[in-house]
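Two complexes are shown next, each including chain A; its partner changes from chain B in the first to chain C in the second.
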Partner chain A sequence: MKKFIGKRAIASAISLVGLVILVFFLSRLTGDPTDLYLPIDATQEMRDKFRELHGLNDPLIVQFGRYVWDLLHFDFGESIRQARPAMDVVLEGFRWTLTLAVVTMTLVTVAAIVIGSLAAFKVGGVFDRITSFFSLIGASAPDFWIAIVGIVIFAVQLRWLPTSGTGTIWHWILPISVLFIRPFGLILQVVRGSMITALSSAYVKTAKAKGVPPRPIIFVHGLRNAMLPVITVIGDQAAGILNGAVVVETIFGFPGIGKLMIDAILQRDFAVILAAIMVSAVAIFIMNLLIDLAYAMLDPRIRY
Partner chain B sequence: MAEHLLEVRNLSVDFHTAAGTVSAVRNVSWHLDRGETLAILGESGSGKSVSASTIMNLIDMPPGEIKSGEVLFEGRDLLKMTDEQRRELNGCRIAMIFQDPLSHLNPVYTVGWQICEMMTVHDVPGDEAKARTLELLKRVGIPNPEAAMGKYPHEFSGGQRQRLMIAMALALKPDILIADEPTTALDVTVQAQVLALLEELQRETGMGLLLITHDLGVVAEIADRVVVMNKGEIVETGDAAEVYRNPKHPYTKRLIDAAPGKGETRDEEDRLGEPLLRVDRLQQHYGGFHALKGASFSIMPGETVAIVGESGSGKSTMARAILRLDEPSGGKVIWKGRDLLQMTSKELFAIRRDIQMVFQDPTQSLNPRMTVYQIISEAWIVHPDILPKARWKDRVAELLVQVGLSPEMAKRYPHQFSGGQRQRIAIARALALEPKLIICDEAVSALDVSIQAQVIELLDGLRRDLGLSYLFIAHDLPVVRDFADRVIVMKSGEIVEEGHVGQIFDAPRMPYTKALLAASLDPDPEVQAARRNARKSEGLVPA
Partner chain C sequence: MKTTLIGALLASTIAAGAAYAQDKTDVTIVLSEELELIDPCMSSQSNIGRVLLGNISETLTVYEPATATLKPLLAESWEETQPGTWRFKLRQGVKFSDGTDFKAQDVIHSLERTISDKMTCEVGGKYFGGFKINATKVDDNTVDITTDPAQPILPLLMSSLTIVPEETPLEMVQQPIGTGPYAMTERNIGTNIVLTQRADYWGDKPKVTKATYVFRDDSAVRAAMVEVGEADIAPVISELDATNPDTDFSYPNSETTYLRVDHATAPLNDRRVREAMNLAIDRDAFIGTLVGKDSAKATAVVPPTTLGYNKDLTPYPFDLERAKALLAEAKADGVPVDQEILIVGRLGMFPNISEILEAMSQMLNDAGFNTKLEMKEVADYNTYYNRPFAEGRGPQLVAAQHDNAKGDPVFSMYFKYGTEGLQSGLVYPELDAKISKATEASGDDRAALWSDVMKDIHENIIGDVEMFHMVGFSRVNPRLDFTPTISTNSELRLSEIGFK
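The block that comes next holds the complex of A and B.
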């Protein structure tokens, strides 16, 4: 098990190095931050000074070497925009996104599993048809549209919820609801399909022959077997939010890592872009590891 | 009229499918008493399992529909009870075990938990259930029961898994045990042990045992009475030995005639000259595991050599190694004087058409998206020198006739055929390359007895007409007896005994061969009774 985690960590570290190299050079292609940060009529002297200050005068390869050297000392560079360590800026945003992801995915998982399992128990029944109808709509509705309609209805017309920003618990409701809908529809469909297979299996027949009542048949015998494909999709959807729910965070003015990344790219704030990518990469690595461990926990036949 | 423990009266069950309504059973009536073993005998599609599923409330409705009838347990009609009442009976008063214990045990829970659950759902307190589980595991002969409680189904062997199922089913001392093909997936020696265990437990508890099987040997071994089913109807019923001796219905007669292992063994022929295939000290290692430990034998032209052995004996590994489907670890395979294992892939390609293979499960070995014409003619796309394209159609028709199908079937897809017909298609495909040797890996094991007999006859006819040789891999000894010239007995990757078929069956030398023969079941209840006594007195059942 330790060996497995070690192997995975090394493989992920190698991809991370590649990613950092790629993003470092690609982001420089977007242009020189000097033009963005200084007024159009800034003197050449001011421009040179700005460049000197942020190390932009050196050849790219020298800048890269310096960046790597700093990285090895856990220095992730300074945000040009905010004039403070890039990592501080990123971790601040990441905390918001992580909370958003954890809350949303917990709600999605519980709701999708319970409703999907019950739908699978009587395939083609009224409950199954209703959930299939709504989950299909949920899985296919574009989130930017839901977000805007949500704001129009609940914030502008009904005035129940704030339009955007953070501060109170009410500010969380619209972003979470919008982020909830698509993964919920998708995971519910996967749970349903996987449960139909599990519930028609031979071991469920045995359970019925033992006289086990329907509820434990669904949630004890069926569910644990049906969970493996579900976990894969949960991980995939959670990764989507962790990477920054860019659209939703932007619409709701939510200070998460997705909005931060978009802003950093637009502002050519290179250190922040790189730090944000590293943080979300590590987060996704940890999540994938947790998923693999969950596999082994759920299915005794899987051993690493 | 005295009340029976269980009585099925005029039961008719339909299944509504997209293709129309199928009556699975029609007007079926039978009964079971305490301490008695009733066998329901039938081939696939006979409806033999339907009444058991009805008793256990396992029929999904829809698509199933119980049209009419009563199922009386101690005089009460099960079909009139609520689901709740039937759940109370299931497992507690009437228990069931199934054919394939691996898929019927939940893979993600420990066996201890699963056996305990049988008791806890019927209100036995947890501690008591645990203690009883331990006793049960001991009783059914699971080694080291304490440790076994915490293990998962995949950590046991096939025979042990069926013992676990039996332990679970008998946890609450039910009045009736329904066993649906309980030994079909097991090796012969394990089959004998499991049947012996069932019989012992029946004597101890006095339960009624309902056995559903396709195997006349199982009926002969364990049943008191037999119900013979065909196409959803009962064709005959009576005392098991009496039905075997004097079958009244033509279907029963056909079924008994088709049972393999009764005919004369083939006469010994002196075959001189060069062997067609010579296998020399063939080895196959998977990591540290030696699946084949240096096996040597040869096949003469026109000869049928059978390899028999239980699962894990290395018989299929041998087939795959000879064809280099898995690269062997050592040894030689001499074909027409040249070592197949030394050939380049190009040379091997040319030789491949001489040696063809027919697999166990034709459903899996035929591509479902290809027509029969495409399946058979594909060989000529790969080896274009065999036949010009203009003649393909005629040749496919010819081959289909040769294997007992009709030429117009060429346009159909595999799923439109029965299991036996599919195996005929697989044989036609093998013949398309005009091979000298056909390796049959359990080629008739998945087929019903009557179909099995037909396919064997077909293979034997082809041998005579075309001068083919066969390497016939099987676990079923009676089939081999009817068909083979020479028999090779394998165990744990080694050849234990080799000899002419008459010698192996009538005068086996090695203890393992003797044990295998003693454990294999004869369809004749009298022969079987004698064999059972001999087995007991000589202690020949291998552990």
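The block that comes next holds the complex of A and C.
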């Protein structure tokens, strides 16, 4: 196991280095950030000063060499926009995104597995049809529309919840609900499909013939074997949220990493773009590792 | 288990209530974006200015657009002691929020810091570029400021220079210190900024005791926050969300829109062609549809409250037949009026810009022009907007929006119309001479000279395709006694807010 984790870490580190090189040069190809930071009436002298101050006058390869040298000293550069260390800026945002991702994906996973499994037990039944109908709507509804409609109904009309912000537990309900809907619809469909296959297999029929009650059949015999494809989809959806729930962050005023990254790209805040990509990449590496470990736990045939 | 759950729910309900509850004299202001920087020398940026100007940071003088007057603030008086040198007598008994006394050395340091090449201060770039300036101490309460060439409007420029203590480092600060009635007591990055009233402020005590600034990108959310009482003021909302006449205000926001014409290329170098363009635009069709109903047709690039604004000028009427006739006349004289003219716009520059420019392009084409619209991102757009312009370029119209809330045309005219102006498409030495003369003049002469410059640009040269003096929209909680004004575009002084 240790050997496996070590190999995966080395492979991920190599990918990360490649990603950093690629993003460093590609982001700089988008142009000079000077015009974006200075007032439109700034003199040429001011523009020259700005470029010099931020090392933008140097050849690209010199800028890259300086970046790598700083990186080796755990200096991730400074945000031009915020005049603070880029990694501080990113980690502050990531804290919010991680909380949002963990809470949302926990709720999604539990709800989708329970409801999807029950729906699969009686294929074509009323419960199955209702859940399929709503999960398909959920999987296809646009986030921004749900968010705005949610605010209008629950905050403005009913006044049950705050419109936005992060102050209390109530502030989290609308953003999490909006983030919940799409992955819930998608994962529920995968659970249902996977469970239908599992429940029609010979060992389940044998269990039924032996008189095992429905609950153990679904959640012990069927679910464990149906979980492998479900875990893959859960990982994929969680990675999406870890990379930033831009719409939710923007509308609800959540200071997460997604909006930070978009703003950094638009403003050519290069140090923040690179720091954000590194943090996201490490988070996704850890998540993929956990998924691999989950595979091994669920399927004894998989050994690392 | 059940008891624990009910307890937790109750606790969080109380917490939710606490989030809404605030003292009667506290206000919450929802801004359109997080403040990335909070250094006083960046306060010419709208949202930074709304938090800092007049609240945390103060200036030597203060300009009131409503009355077009310059008033004393940290300077009690000023006079020009010799050409190019102004002496400012400073207010005594003023303390910074860190407890130190305000003195001449702070003014000198603030100026040096703002124009320092060790940092990039927006106030420096916007108001103190293009001339030499230095400050010297006469005594603790008197400072001389000298400019080269002489700046007759130096006292007005001082309304932009935010004063910081002498100890402020030459790098962007995260904890702004000023002499204003409030101090920043809390900053939760990404969440909010809290200003609390100072007990040791030198001036009158404002009615607002505490202000919390929160940030929401979406205009509908900002408007909803004021509607449900989560916020008291949303200084900027879109026109689409300004639906409640009891709480929503429109105000002239000191922005003027226009198409910058490149006078160096044919057919735009022909006056008849430029007149035809102005006559081909049905400006009335936009007002109340794509631009706010309180917007006004522009005859100059500065708002009507600006010194020397020429009120005798009239906007070009919509006269398609006359436009066609002028174009035919120019064509008969060999002007290549059929040549494709590129209209360049910047995405998101002002509300509905794409739709407005598409309609304008069609109106011009209806008159016989051959225009093509291209919308650009900021950096790409700037290559069209700023000099040096590309060699061998074709004829171009660049859609632009200009903000002049400072009350003097000097902040606009050279940049926009001087032969060497960074964003100028004009090359007229006679106009350059007039701009220089007006820049150096003072008093009534100055107003008259600027008035003449505006007439020249509008009637004689026909510098631009002028569009509109724009309006902004705000939503204000009915419990407040506050009406947004032209200043709300760049500042929001808490001292101007009262309670009903």
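Odds and ends about this structure:
Everything below uses one rule, namely that the second predicted complex is superposed on the first by the 304 of 304 C-alpha atoms of A that agree within 3 Å, B and C clash if a C-alpha of one lies under 4 Å from a C-alpha of the other, contacts with A are read in each partner's own complex, and residues count from 1 in each chain.
Here, a residue touches a chain if its C-beta (ideal position, glycine included) is under 8 Å from a C-beta of that chain, and two chains touch if they have at least 3 such contacts.
The shown structure was predicted, so the numbers you read here are calculated from the model rather than taken from an experiment.
When both complexes are superposed on chain A, chain B and chain C sit side by side without a clash. Set against each other, chain B and chain C differ in how many residues of chain A they touch, and the higher count belongs to C.
When the two structures are aligned on the shared chain, A:201 is found in touch with chain B, with no touch to chain C.
Put simply, the three-chain overlay gives an angle of 160° at chain A, taking C-alpha centres for chain B and chain C and rounding to the nearest 10.
Of the two partner chains, chain B is the only one touched by A:212; chain C is not. Look at A:122: by the touch rule set out above, it reaches neither chain B nor chain C. With both structures placed on the common chain, the touch criterion links A:221 to chain B but leaves chain C unconnected. Closest CA pair between chain B and chain C after superposition: 29 Å apart. By the touch criterion given at the top, residues 56-58, 87-92, 95-96, 98, 100, 103-109, 117-118, 121-122, 152, 154, 165, 168 of chain B touch chain A in their complex. The residues of chain A lying in touch with chain C in their complex are 30-33, 35-43, 45-46, 49-50, 53, 79, 81-84, 92-93, 96, 148, 151-152, 155-156, 159, 162-171, 250-253, 255, 259, 268. Contacts from chain A toward chain B in the complex involve residues 201-203, 205-213, 216, 221, 224-225, 298-301. Listing the residues of chain C that touch chain A in their complex gives 12-13, 15-16, 18-20, 34, 36-37, 39, 44, 117-120, 122, 124-126, 129-130, 171-172, 174, 189-191, 214-218, 220-221, 224-225, 227-228, 230, 378-380, 382, 385-386, 411, 415, 422-423.
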